[in-house]
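As written, the chains take the letters A, B and C, and residue 1 is the first residue of each chain.
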Amino acid sequence: MNGFIRYFSAVKARFKLKNYLTYFIFLAFILIFAPLGLTGSLKMSTEFMLEQIGYSIVAAISLSLVVGFLGELSLGHAGFMSIGAMVGALLQNKLYPSLSASSPFLALVIAMIVGGLAAAVFGFIIGLPALRLKGDYLAIVTLAFCQIVQTIFEQLPFFGGTLGIANAARYSSHKLFIVIFVVALISLVAINNFIKSKHGRAVMAIRDNEIAARAMGVNVSFNKIFVFVFSSFIAGIAGVLMAASKNTVAANAFTYNYSIDILVMVVLGGMGNINGSIVAATLITVLNISLNNVFTGSMAAIKNIVYALVLILIVIYTNAPGLKSFREKHGFGVYWSKFTAKIVKLFSKKELKQDPAKEKEFGADWSKVPTKVEMDAILSTDLTPDKSYVSDKPAPDGKTDGSGKGDK
Amino acid sequence: MLDFLTTLINGLSLGGVYAMIALGYTMVYGIAKMLNFAHGDIIMVGGFALLIVCNATGITSVSLIVAVVVCMAVGILTEILAYRPLRGASPLAVLITAIGVSYLLRSIAQLAFGTEAKYLEINMGTIAIGSFRLSVGTLVTLLSASLVMVLLTLFINKTRTGKAMLAVSEDKDAAQLMGINSNRIIMITFAIGSALAALAGFFIILKNPFSVNNTMGAMPGIMAFTAAVIGGIGSIPGAMLGGLALGIIETFSNSVPALNPYTVAIEFALLIVILIVKPTGLIGKKKREKV
Amino acid sequence: MAEIILKTENLGISFGGLKAAEDVNLEIVKGDMYGLIGPNGAGKTTVFNLITGVYKPTFGKVFLCGKDITGESQMNVNKLGVARTFQNIRLFNNMSVIKNVMVGLANNPDYKCNIAQSIFRTPEFMRTEIAMREHAKKLLEVFGLLEERNQLAYNLPYGKQRKLEIARALATNPKLLLLDEPAAGMNPHETEELMETIKFVRKDFDMTILLIEHDMKLVSGICDKLTVLNFGHELCKGETKEVLNNPEVIKAYLGDEN
């Protein structure tokens, strides 16, 4: 019981609205749209768009783990989704007759788990070359993997060949997008929790400097493979969700071009910025669908031209070394942090201090956590500075008062 | 036996096409340190240039020259407008821009010409030695690919510009300090790569008259990129070797009915195996980070 | 008899016939401040790389506290108790200062927490995370980096980056600290401050230190014992004063008078 209270007080102490804003936006989104969907008052096209946004988000954040945090380029993410989708669809069709007709939800959940696991197995296999290869070489291996998966699926008769599998057990479209958004929220929380732990830090250490990471005792092989497995597990789930929102699932929906589409979301969202990936996935999906409606028939190419131009201009704008000083004044990040600051202010009523030493990611003031951590046991070494070494030069530890608790 | 010989020659000529495209990838990678994903689409630009000029004039040689010039112009233009502003940015940003350029070129072609394949036949006839028949086009492809490689090697090793290229590929900043205009060298590299892409486009049309459409460069592009990586990206003999190997494997695999549907998978599986066994490709230089 | 922390026996490596280091016999006793000096290209960093497992030795053995660690991976060498810094600073540039240190703390047995616990944020995760952060803060405080803890490591000034690298190495709780040219690129003032930091680390963390250095002032100021390498071979070794007055050493550094 005591531990329980301590846990919650620790959670409360480190709680800061800004860190959880995305979760709340997600929840609010689900709470607004769920009743509309359940009562059937949304248009089919709107539901389809919401489904598409949802699984694009799942796909984008899972890729973000590899590209943004492990720092390896994957061009074969669609391959993992494809495995999840095909295995999931096959399983759903097989399960459908044996389960009662009223439980397509259960079939979907089982499909997600199995599809995710199937993709994770291949994530492990692709993780192995990642131990030896880096950068462009690894990118081409992932691309090759995607092509191989597509070719093989198209040749296997029980996956329907090039025609694909008809989705016999299609889950109610009025509820599907709600399920997709809940899954997206869960994956988001899981990925965020992973990143903001010592394992996530180890992964980022590998990204920033692999040699130093090894020298600091980071298990590079394990972490690399784990990221691939974790990322492909979630990508597999995204594939199942994508399959669930379509009438037929065919391997040719998961080409290398689709991998690129997801990659674009991650890159435009900002590398290593999960919230950015979510925003980019949403915007790109909405833009894609609405441009599709505007430019039809032979004019469809205009949409692609606009898309390509926007992509090129945004990448140049966000990355060109020559535009650095301009970005620091007018970058997206500047406006985004202003926006979040405003939202936080709205809810917390507290004045936001622009303290440079403010904790950025965890946000909490850890020294106020009411748990009694046995620091003395953990710190076996005595860190009190010795004044005899403080000659005429300011000692490196000049700010300590000797008690070891002097920070804050 | 004759079948074997025909397949081998066809494989070599396909390999020549791949090698020519792979040379473009490998030179740009070696000198500008970027993967030019739009390289395949330069082939498509060349294809359409050939189509238009050929239909207008009917003279193959003229249309080939026009295609080469157009491709060089497009190559240089993309370099200046899209890639140059990103010099010094992260490789991934440059790669995404290249993907954007690739989409852009494809979409412009789609807007202008639609998506259906256009017919353009360039017939060079066949020669027959007994029962052994061989199209002149295949032979020309093979010979010109070899010639291009020899000329390119000579160019890089013997001329001032070629040596400057080597210097830029070793260390761009040091080369700049030695008075080499690295932007100009990178531009020349793009021009040469694009010219080779135009040639490759010509040979692709020679093989299949129904190949001109807005994605005609996609698959040869990916295959040639694979070839470049198998050979060791950044290495010119590597691109030749990888291209020829891939061309022969593809042709032989396609000639066996049981393997035919899996040809792409076989090629890519080969790539993965080679990279795992030899992570820098067959002839790639190993770069070791100094600790 | 003091405990021998590190001992190398005829340690050496050849790269395709070129012997970058040969017959290196180091013996470092607990509490030593041991210097490894020598002209450029003498193989000093190579010896570090052999000890820490970056290269696998072609000849000889490395013992840490009597345990044979020859050919162990870098990760295991670190876990067994050898931490190092790098000649060209290698920080995790896009991570905050405190996270750099926390990466080093991750293998500490007090902060055990598996991936599932992290993903589900169990109480165990919260406890270790809080404790790690406190521990990291104390380390940063000691090195005067507490104020900058949320800055990206990349944005620190050069001298502080060096300090952070040492703090990060100490976070892995080593028995032996290897410093690879810590004063490289520093001005005399910064070097002096660094000397104080190293002395202080030695005393207050009860640390055994092996360092590579070019700066003779720094070496003679803080090292008790030296080994001089030249062309991959040991030229001489012993107490700092004796070694620095050895004519062989002077010749290697300044060239032959004739």
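The working rule: a contact is a pair of C-beta atoms (placed from the backbone, for glycine too) under 8 Å apart; a residue touches a chain by one contact, two chains touch by 3 or more.
What you see is a predicted model; the values in this text were computed from it and never measured.
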Inter-chain pair with the most contacting C-beta pairs: A-C
Chain of greatest Cα-centre distance to chain B: C
Chain B and chain C: spacing of chain centres that average the CA atoms, whole Å: 48
Inter-centroid spacing, chain B versus chain A (mean Cα positions, whole Å): 36
Shared-contact residues (touching 2 or more other chains) in chain C: 54, 86
Residues of chain B engaged with two or more neighbouring chains: 291
Touching two or more other chains - residues of chain A: 211
In the complex with chain A, residue positions of chain C that touch it: 52, 54, 73-75, 78-79, 83-84, 86, 90-96, 99-100, 102-108, 110-111, 113, 115, 118-121, 123, 125-135, 137-139, 141-144, 146-151, 163, 168-169, 171-172, 192-193, 196-197, 199-200, 203-206
Complex interface listing, chain A residues touching chain C: 3-4, 6-7, 10-11, 190, 193-194, 197-202, 204-205, 207-209, 211-220, 226, 272, 356-362, 366-367, 369, 371, 373, 375, 377-379, 381-386, 389-391, 393-400, 404, 406-407
Chain B residues within the chain A interface of the complex: 29, 35, 82, 85-93, 95-97, 99-101, 103-104, 106-108, 110-111, 114, 222, 225-226, 229, 233, 261-262, 264-265, 268-269, 271-272, 275-276, 279-281, 289, 291
Chain A to chain B touching residues, read off their complex: 67, 73, 128-129, 132-133, 135-137, 139-141, 143-145, 147-148, 151-152, 154-155, 211, 256, 260, 263-264, 267, 271, 298-302, 304-305, 307-309, 311-312, 315-316, 318-323
